[in-house]
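Got a structure for you, questions after.
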Amino acid sequence: MTVRLLITGGTFDKVYDELTGKLYFRDTHIHEMLRLGRCRLDLKIRTIMMADSLEMTDSDREVILRNCEKAEEERIVITHGTDTMPETAAVLGKVIKDKTVVLTGAMIPYAFGSSDGLFNLGSALSFVQALPHGVYIAMNGRIFTWDNVRKNRQIGVFEALT
Amino acid sequence: MTVRLLITGGTFDKVYDELTGKLYFRDTHIHEMLRLGRCRLDLKIRTIMMADSLEMTDSDREVILRNCEKAEEERIVITHGTDTMPETAAVLGKVIKDKTVVLTGAMIPYAFGSSDGLFNLGSALSFVQALPHGVYIAMNGRIFTWDNVRKNRQIGVFEALT
Amino acid sequence: MTVRLLITGGTFDKVYDELTGKLYFRDTHIHEMLRLGRCRLDLKIRTIMMADSLEMTDSDREVILRNCEKAEEERIVITHGTDTMPETAAVLGKVIKDKTVVLTGAMIPYAFGSSDGLFNLGSALSFVQALPHGVYIAMNGRIFTWDNVRKNRQIGVFEALT
Amino acid sequence: MTVRLLITGGTFDKVYDELTGKLYFRDTHIHEMLRLGRCRLDLKIRTIMMADSLEMTDSDREVILRNCEKAEEERIVITHGTDTMPETAAVLGKVIKDKTVVLTGAMIPYAFGSSDGLFNLGSALSFVQALPHGVYIAMNGRIFTWDNVRKNRQIGVFEALT
């Protein structure tokens, strides 16, 4: 089984610029994370953007949708900023019916020792192998369908609407 | 959904004793790992032993089996040393037919920065929610059924027999 | 020998706010760092402010100076943001002649796995014990006197003026 | 100022072998540690052995002594296992009178997230620049002369004899 892994940026991949004191994107940490997890899945990895999800536009979401549609693989994991992950999931969920797509991200940059990123990546790569077709969000060790999820920004966790 | 989490020791939970220079067990790191993963699953956690899997006896495996059988939860994750994980999975797999049980572990102690433990824990907790009844091993980002798995000790990875 | 340790904030102590995605100050990491370093020096630790050094005012520097002057200890380490560390060192250096004062900081927050903070703290606490009276900056494994140092912001390192 | 850095092994450089579950030596971590510390000292680094200090022989200590004697640099840091660090310091201290030599090590392997190695390395590289000729041990943020130090193995710290 081959899994397509699409990188779109998000907190996952932010690093600290020691010259400016700002957080920014450089390269994805996904390869290092997969090595750490001793991951032996057959993966096809593609970085399609490096965006802060608060700044993602409709056309960015179109690009993500196109990438899912044209992927030959039936199973797709997308790393994504948490702030608008439900919005992107909704764009995908309304269209994609014949693939299993799981979005995940991190509350803390992977480059920080205390990141949830490795846990979430392990989770998303597992759910995507086991779940039926549909679009999902894997966060906090849980799985949500695209049409029943929101990020609770007060406490920084994902939860079902109903 | 409630998941039962059984701790049996293994590399996962080894720490370095700075007085003797030896690796040993103290407490489980599972609570810290779940906190790091911002895990919000409803979990019932029980430490049933703290054993090096190379030293596990038949009666240890009986204890693990009893704990699975008497658990009220239908979904169970077991942290276990990697060396004899397939043996324990076989003991469980021959008996348990009405629950989903996923064993996982780590190649490197969690207390080491470079551990695969957090990735594997995220993986096991996800597979256990999504898979049908049966006994499985979740390692290397992959899932194996109890009757078709071995640890390849030359290269330190899990693989299917056939 | 007792060393006075004054905390003023800086990158050292920044943490990532997972609700806002911003870096901010919470508590100092100095106690955790000293524990990690198995430090057995007799230390008197006081947090006098938690400031980004770019936002430090003249009156902040007066507060730091007063704290150095009134300290009973002859040896003082100050953790400080790197951006204006030379400015603060100059304020102290012109006045303090009968104590050994060493400023240090970090290019990367300690909470990031890749921080130079622990190395710099070990360095500053050692120089302060061994150097004659004066005001110094300990960064990059080197020691600079307050009147011959600048931060090269292009490459993010400290260097002597002459 | 150039500092000679001699690597002899010790806990500092132990890594975890995931195939055997044993700790062993591979390469030194010193280069990675110096990079992390953004160290800009002029260093000449040489690995002269990779030994567990409990297994060091008289002839090993002769090799270390020869390396100190023939080094052109007046300032030398030696990374060394903690268990017999005072013994090696004594061998050096009785002979070397015209150089500053500082031994240091770690209670926890650097590859573990919780190592004191980076703190100790920062400390040793600083003391060596500031102290007069003599042979010293830098551990626990403190400095000891070779003829007044022991490792208290009950609590895992270095202390003065008198």
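Each chain gets a letter, A, B, C and D, in the order it is written, and its residues are counted from 1.
As a convention for this text, contacts are C-beta pairs under 8 Å (C-beta built on N, C-alpha and C of every residue); 3 or more make two chains touch, one makes a residue touch a chain.
All of these numbers come straight from a predicted model, not from anything done at the bench.
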Exercise. Relative to chain B, which chain has the most distant C-alpha mean position?
Worked result: C
Exercise. Roughly how far is chain B from chain D, going centre to centre by Cα mean, in whole Å?
Worked result: 39
Seminar exercise, completed: Distance in whole angstrom between the CA centres of chain A and chain B is 26
Problem set entry | Separation of mean Cα positions, chain C and chain B [Å, integer] | 44
Problem set entry | chain C, residues touching no fewer than two other chains | 107, 113-114, 156
Seminar exercise, completed: Pairs of chains in contact here are A-B, A-C, B-D, C-D
Exercise. Okay, in this complex, where on chain A does chain C touch?
Worked result: 11, 16, 18-19, 21, 23, 83, 107-109, 111-114, 153-156
For this session: Over in the complex, which chain C residues touch chain D? Could you list them?
Result: 33-34, 36-41, 107, 113-116, 118-127, 129-131, 138-143, 156-158
